[in-house]
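Heads up, there are several structures right after this.
Two complexes follow with chain A in common, the first pairing it with chain B and the second with chain C.
After this line comes the complex of A and B, so read on.
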């Protein structure tokens, strides 16, 4: 990365982090809402552990993977709405009048998602462990879990950037939230994939990438070190991020028609 | 590249067409010399902002050519951007950042060395009178403060050409005057070329060396404010009868002195064919007809008159301008 590009990314990353930290309304729901659902699910569905073949005795440990994905969904919203606001207010035009490169803009904007992802992951894991969840992979596993969570958050953030650049409005970005939530519900969110006995649901969940992201996180919590599942989780997150970034770059070219 | 073209703007047959819409800009030609303040005057939707977007490289023209600072806006976009500063319509600021953080971001993105950023930022904040609020979030700034910060940001990299798109819209008269002073100083002391769009007549009149009037995408008139007003030539007398019943009779009397001009519903206005020396005759004629006058005003030709003469209609918002006595065109006021 050239010095000028590094400088641009650094400046925009700094702005993105400042914006995130100065908007408690972005951070608080992204932490509280998944924790609330964790409490509800862990209490209401704990009998699921008695199903034959359920991988753990602790439903809390099993369901603890879900907040990491829910938190990542907030990243779609936050990164997308921030950029949409820049488009709506003309701030993007101000940036376009500087020698700013598109790659720097997108990378810089994702810095806020990194910070949010980091804070979310640490809080979710800490709350889960305090509440009695297990972490089979131990302390090194915690680091990998946080890293995976941040990777997923950033990957989902690129989709938010794409939506903002494509549609140019915060409302359109917010409209994506329920769509993504459907993806979450149509995954192995509440039960392991092989215990989903309804055919159509099993079929959808088995092609839904969210299932494999959940399984990668669960592998660290329940099994310890399952390299295959972890690699698949990271690969899917990176693939989503790469596709999202490519789509966002293309949308940025259309949005910024500067000559 | 000549010295004048390095700091000026040359536009030839510039067109911008939008899908399924009319031509927002329809073949305009203009030239702005280095150090000149060019006022681009027109009502909402006339094509002012579209022109600015094209000249600042943010919108490609459909046809025609434009060179800004000697660089072609289509083929040499990065060079144009390095030459210009722009404060576009609506101050585009981040409400969550402070004024100082805005300056840091802007100077850094323009590639100023680290040690220069702080100095330049502080200097500009001081210059636009925002040093005291530099560490406050912009969300708490007033409209005038935002506009001043916008101007400071546009100057971050010491541009030779400055584009200001309706910089004083929505500002109170004090903030407006302060901004005018700064813009005038930039042109006269620093030699910065200023391309200023406005729908305020008095802004163009007070600030611009030359004015271009745009309507429906066409440049309908161009010249110094004095030249343009001289083209129209005749002053307007506007009178309000004390009794509304006398309005018809007043219209008949004033009609002897010239053709009608736009006025408020209660008033009667005509362009004096014989010039301002006819004012005394007008008063005598009204007196002879025993029409009591509540209010009588003589207006020198204004840019609105020029606009009216060139387009057949009055410039939107002109009434509001006339309501501001410190900037009006009134030469003589008589109340009966």
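After this line comes the complex of A and C, so read on.
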């Protein structure tokens, strides 16, 4: 990376991080909402562990994987809404007049998502462990879990950037939230894939990438080190990030041409 | 010579309510941004809970006679009733934010007709949502063991929840008069719904969630609804009493909000 590009990314990253940290309205719901659902699900579905074939006797440990994905969904909204606001207020147009590179703009904007992902992962894991969840992979597993969580958050953040650049409106980005929630709902979110007894639901969950992101996180919590599931989780997150970044770069070019 | 008689306060209130309801219903039906989430959200929940959690019906001690799909249908029905009211509150808040609400206040002789109009629109929204939800549930193979009267009672119960939620959201919307009040309408509703026995009957809950669910008024509504759909009615009088009490309580809350909005000018 050249010095100029590094400087550009650094400036925008600094702005993005400050912007995220200065908006409690972005951070608080992304922490509180998943924790509330964690508490409700862990309490309400405790008896699911008595189903034959359930992988652990702690439903809290099983469901602890879900907040990491819910937090990543907030990243779509936050990174997308921030960029959409820059478009709506004309800030992006002003940036377009500078020699700023597109790659620097997109990478810098994702810095806020990295910080948010880090805060979320540490809080979710800490709350889960304090509440009695297990972490079979131990302390090194916690580091890998945080790394995987941040990777997923950034990957989802690229989709938010694409949506903002494509539609240019914060309202449109917010409208994506239910769409992404569907992916979470139609996955092995509340029960393992093998215990999804409804055929059509099992079929959808089997091809839903969110299922494998959840399984990668769960492997660290329940099994310990399952290299295959972890590799699949990281590969899916990186693939989403790569596709999202390519789409966002293309949308940025189109938007700048229009400008 | 025929002189036009001045409208009575009740007739005036009804006229205002009809006009407000017509506009709200028109907006709901013609704007996909309002219509689609209202229909899709309950369906997502129903599909996710009834489809993804079907194995919960095999948990030892779970003996709901009509099966897990019907068990979850009742929750989603009541949830959609409550959120239909909350979404109507959003529309009300948006109207006040854009200044349309003030024009309503200036034009209406009987201003309580404004709240009544939004409530009528919320009921219409709920009927549309329930029609779609019930159709999907029946296609998904939901078993109904309750009689015709019991099923009507189930929908009346949902109607009470819808009216109560509308009054709650209206009270917030009239006080805040901005869409920024949305989370204030939504979050407490979400909280009280999910602190009830959503996934399994109350008897199978334990610990803190059992303690909270036991004193949560929504629990009685849920258990009564589930009893009605399975043809084994329980807690009917308590559920209807709670539903009516919530309406009275939140109507007083909405009236207070209306006075605040009037005072704000």
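Heads up, the rule we're going with is that the second predicted complex is superposed on the first by the 257 of 259 C-alpha atoms of A that agree within 3 Å, B and C clash if a C-alpha of one lies under 4 Å from a C-alpha of the other, contacts with A are read in each partner's own complex, and residues count from 1 in each chain.
Convention: a contact is a pair of C-beta atoms (placed from the backbone, for glycine too) under 8 Å apart; a residue touches a chain by one contact, two chains touch by 3 or more.
All figures in this text were calculated on a predicted structure; none of them were measured in a lab.
Q: Output check: A:201 vs chain B and chain C. Expected answer is one of first, second, both, neither. What do you get?
A: second
Q: Touch test for A:23: chain B only (first), chain C only (second), both, or neither?
A: A:23: touches chain B, not chain C.
Q: Between chain B (first) and chain C (second), which, if any, makes contact with A:91: first, second, both or neither?
A: Only chain B is touched by A:91; chain C is not.
Q: Mind working out whether A:185 is in touch with chain B, chain C, both or neither, as first, second, both or neither?
A: The answer is second: A:185 touches chain C but not chain B.
Q: If you stack the two complexes on chain A, which partner ends up touching A:51: first (chain B), second (chain C), both, or neither?
A: second
Q: For A:8, select first, second, both or neither according to whether it touches chain B, chain C, the two together, or no partner.
A: first
Q: First (chain B), second (chain C), both or neither: which does A:99 touch?
A: First partner only, chain B.
Q: Under the stated touch criterion, which partner chain does A:43 make contact with: chain B (first), chain C (second), both, or neither?
A: In the superposition, A:43 contacts chain C only.
Q: Across the two complexes, find the residues of chain A that touch chain B and also touch chain C.
A: Comparing the two interfaces on chain A, one with chain B and one with chain C, no residues are shared.
Q: In their complex, what parts of chain A are in touch with chain B?
A: Those in contact with chain B are residues 4, 7-8, 11-12, 15, 18-19, 22-23, 86, 89-91, 93-100, 257-259.
Q: Can you name the residues of chain B that touch chain A in the complex?
A: 56-60, 73-75, 77-78, 80-82, 84-86, 88-90, 92-94, 96-97, 101, 104-106, 108-111, 137, 153
Q: Which residues of chain C touch chain A once you look at their complex with the stated criterion?
A: 33, 37, 40-41, 44-45, 47-48, 50-56, 58-62, 183, 191, 194-195, 197-200, 204-210
Q: Quick check: in the complex, which residue numbers of chain A touch chain C?
A: 29, 36-37, 39-41, 43-48, 50-51, 175, 178, 181-182, 185-186, 188-191, 195-198, 200-201, 205
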